[in-house]
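Structures follow.
One chain, chain A, links the two complexes that follow: it is found with chain B in the first and with chain C in the second.
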Partner chain A sequence: MRKARDLIFGTIAAVCAMAALAVLCGLVFVIARRGWPAMNVSFFTEQIRLVGASGGILWNLVGTVILLATAFLACTPFAIALALLERVWLRSHPARRWLRIALYTANGLPSIVFGIFGFIVFVQWCGWGKSWLAGGLVLAMSMLPTVTIVLIERIAAVPARYVEAAAGLGLRESQIVWAVLMRQSWGGLITGSLLGLARAAGETAPIMFTATIFAGATFPRAIAESPVLTLPYHIFILAQDSFDPAVGSKLWGTALVLLGLVFSLSLAALPSRLRIHEESNV
Partner chain B sequence: MTRAFSWLLSLGALAALALLLGVFAWQSGPVWQHEGAGYVTGGKWFFRQHEFGALPMICGSVVVALVALIMAAPLGLGAAVFIAEYLPRRSRLAVKMLVELLAGVPSVVYGLLGILLLRDWVYETFERFDPLSGDTLLTAGILLAVMVLPTVVTLADDALRAVPATQRRAARALGLTRAEAIWSVCLPQARRGIGAALLLSLGRALGETIAVFLVVGRQDNNLPVQLLGAGQTLTSKLGGSETNIAYGDPLHWGAMMGLGLLLLLLTGAVTLLGSLKGRRDA
Partner chain C sequence: MSELILKASALTVRTADRVLLYDASFRAESGRVFGIIGPSGGGKSTLLRCINRLNDLVPGLRVSGDIRLRGECIRTNDVNALRARIGMLFQQPVIFPTSIGENVLFGAKRLRSLTRSEASAVTESALREAALWDEIKDRLRQPATVLSVGQQQRLCLARALAVQPEVLLMDEPTSALDPRSTAAIEELILRLKTSHTILIVTHNIAQARRITDTLACVSIRDGVGQIVEQGEREQLLTSPQTPELCEYLHASDIHTGFTDE
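The block that comes next holds the complex of A and B.
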């Protein structure tokens, strides 16, 4: 009786795991199968024509890369500063706990909230209109907590004896920060940024009011009134009225490209995350 | 120098977060003056008549997120039990990485799948209940369930792995079967962590915009009394074109910002609770 119950319990758990993985892998498979026919060189080198029914997604790809690069550059100094504040400058201060709580809570804020905030501050108050810079800054805000948390964990993993040895050699605190703590933690910054960028690449809500339009933009040459085309917004608009089969194939193709971009960003972060997992699960 | 810069940039980042909260509170001022508490309890939203009641959107958000969690929680927990307790270490890591990779599928891609596949499926499956279309609260709930599933699995797995191995060994040494050990030792001990996993997933579901926007039907003034009807959530309202129309009219804009403020409070509270529950150091 107990043996039978043991078996049933294990089977139910196994079935749940299979079902969950099947659903998730299944949807990736659906996108890959439907998107594959659209893949060819001209899909990546031409601009869209006939409201997405013809041509390629060159400028959408370029626009997404511009936004991601901007977000990465804007996010990095703040992530380093916040991580150092948490790990070093607030080492034994009660405010450190509040900083952590703020980071975790900010990490859970919905991306649409950042989008509307960017709309008020950059688009309206700064008078930029839709601009690549506004979109990049909004994405930077939304990924900042993720990057900071990963970096904090990596700095926390630097062995205490390194810091003690450096202090014993008479290094000042700022020298210890750059020669020991950060020197050991650049990988964490990269991993965190890749994870943050993987999420930012697929975000539509933060950029739809601030940075992106559906057609008619190429490379931005100014800050104000310089929107870009992006992959997620392209899918978002076409998905809402996609009765033309020609649009359909391009649409799935765009989704496949976006998925590929997101997966390669998170796969690039994988090796170092795997190492952390291994270390923490011995 | 390092220290000063670190403080400066950190304070800048924290000021931006404070500004975000402040902007939503301040800009929603007019609607609180105009409607008072009726803004939260009112069921009618006619912006031309300057009548703003957010109750259908609040209920819509809560209903859709709960439907998602009710579907994702059992499946996700079962899968987590299998991954954490039954799989050997190497394959556990592999499956966990796969799940985390799938957690990164962009919401607009889920929206596309929802609009082109799930919508028709819901319409055909529930045809005898006479839904007006496939755009229903239930469709949004199912889609969100798939979206939060990887989050539930990976966080619940972390919670189960945090139970010390000695506890398992002691339970088995007392003659408990594997299932009994999991049921009466591991799960109770991981209760806090699992609760946190569910809360954080709920927070994600509440804040999700694009996928919900595409399949929820966006029908104003409908209290979500039946799941097979079109509805509106806080996020789908904010993501719509009304956000662009509203800027210019302080009262109407205030009403939109009020939705943002409600969303911030809702997700913020759930996430805060989740991260306080999950980590004792936070």
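The block that comes next holds the complex of A and C.
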């Protein structure tokens, strides 16, 4: 009886897993097959022409990389500060609970909420208009909770014996923080950032009205009124009038490039994630 | 000529709902090794960790009573300065995931600024004091995890000595080690006791006999950990006065009768 039930549940689980895997593989396969014909050197080195029907996605790629780099740089110090606040400085303070609650809540917020916030604060209030910096900061905010939570978990996993040994030598709390806790947790910051960036790379809604336009932007030279082109927004616009077969192939090509970008970010985070699991198995 | 270095009175450690150590008083003198023995869970580690205020790091532990280091109350002083004067070795060597050389200087280089040549001088003298220099002088850049556990424990000792402490606390420093490494550590303790005040927790009566001068037995009485008996080592080991110590020595005798020698 029990055996039969185990067998049924096992089968259902296996079927679900296979189905999920099949959908993923199918998706990758379709994008790769449709996008592949668009792949050539000029696709990466030319700028967009004829409303996307011709030319390449050079500035879209550059724009997305600019947004991601800005997001990473802006997110990092805040993630470190928040994680240390949670782990060290608010250790026995009631505010710590609220910080945790805020982080987990913010982690579940739809990214468009950050987009609206960025629109009100950066685009309107600061008067930047559409700007790469506004977009980068919006993406930084949207990935901040993820990065902070991963970093907090990594710091929490540093065995207490290291802290005690360092304290026993007479090191100050700040020295323990940098020489022990953070020294052993950089991997968590990198992993969290890569995961956050992989998600941010594909975000369209929050950058639509803060940072990106469809055509006519190159490398930004200022903050105000300096939008960028991006991969996801390119896909979004092309998808709306993809009846032209020429546009279609560029659309799938762009999707393939974005997919490659996201996959490589996730893949780069993999070794460090696996290491955590190994360590916790010791 | 021994001088009173450490004096604890009415030391009590509590959690929210129980007393871990009650009313412990003892004196440790320079040039003498103060041994702490007793059954597992009696509160030996808890006692030792009061001295460098490591228990302060554990949320929920409340320490009361008075400890004086050379007459100064350890509560009123800066805790980091206090810990720098008191080195500690743990049961399992705690090696930082970095190179051997970095491990030796881990505390020293952060407590005072060292020039390059001072740093290498400190490294060498600390490693020599810990009898490790000859074995690893060419391998300072290698990760410290390649060392054997016995070498790691001596590396921890070198790291503590590099900070130039007056007092050394050792919590069963040899219980994870093989007999040869244990002998090396014991020899070091006998050498270091002329310059440092050493307090050591041990589970090994033979070891206590070899290296300690004064002994305290920490055991559970009336449900709480206490120092049930203390005094000169030989007197305690040959004519124990309390049932707790008698029982503990008896149990160890039987135990070592089967395993040791």
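Going forward, the second predicted complex is superposed on the first by the 268 of 282 C-alpha atoms of A that agree within 3 Å, B and C clash if a C-alpha of one lies under 4 Å from a C-alpha of the other, contacts with A are read in each partner's own complex, and residues count from 1 in each chain.
Just so we're on the same page, a residue touches a chain if its C-beta (ideal position, glycine included) is under 8 Å from a C-beta of that chain, and two chains touch if they have at least 3 such contacts.
Being a predicted model, the structure only gives us computed values, none of them experimental.
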(Q) Once chain A of both complexes is superposed, is A:I116 in touch with chain B (first), chain C (second), both, or neither? (A) first
Q) Is A:L84 touching the first partner chain B, the second partner chain C, both, or neither of them? A) first
Q: Classify the contacts of A:E164 with the two partner chains as first (chain B alone), second (chain C alone), both, or neither.
A: second
(Q) Quick check for you: in the superposed arrangement, does A:G10 touch first (chain B), second (chain C), both or neither? (A) first
Q.
Just to be sure I read the superposition right, which of the two partners does A:M208 touch: chain B = first, chain C = second, or both, or neither?
A. first
(Q) Looking at A:F43, would you say it contacts chain B, chain C, both, or neither? Reply first, second, both or neither. (A) neither
Q | Touching residues on chain A, where the partner in the complex is chain B | A | 2-3, 5-6, 8-10, 12-17, 19-21, 23-25, 27-28, 30-31, 77-78, 80-82, 84-85, 88-89, 97, 100-102, 104-114, 116-117, 119-121, 124, 141, 144, 173-174, 177-178, 198-199, 201-205, 208-209, 232, 235-236, 239-240, 242, 248, 251-252, 255, 258-259, 262-263, 266-267, 270, 273-274, 277-278, 281
Q | Residues of chain B defined as touching chain A within the complex | A | 1-3, 5-10, 12-14, 16-17, 19-20, 23-24, 27, 74-79, 81-83, 85-86, 89, 93, 95-102, 104-113, 115-117, 146, 149-150, 153, 161, 177-180, 182-183, 200, 203-204, 206-210, 214, 235, 238-239, 243-244, 247, 256-257, 260, 263-264, 267-268, 270-272, 274-276, 279, 281-282
**Q.** Partner chain C, residues of chain A touching it in the complex
**A.** 91-92, 161-172, 175, 179-180, 183-184
Q | Residue ranges of chain C touching chain A (in the complex, touch as defined) | A | 52, 54, 57, 59, 80-88, 90, 92, 94, 96-98, 106-107, 110-111, 156, 159-160, 163
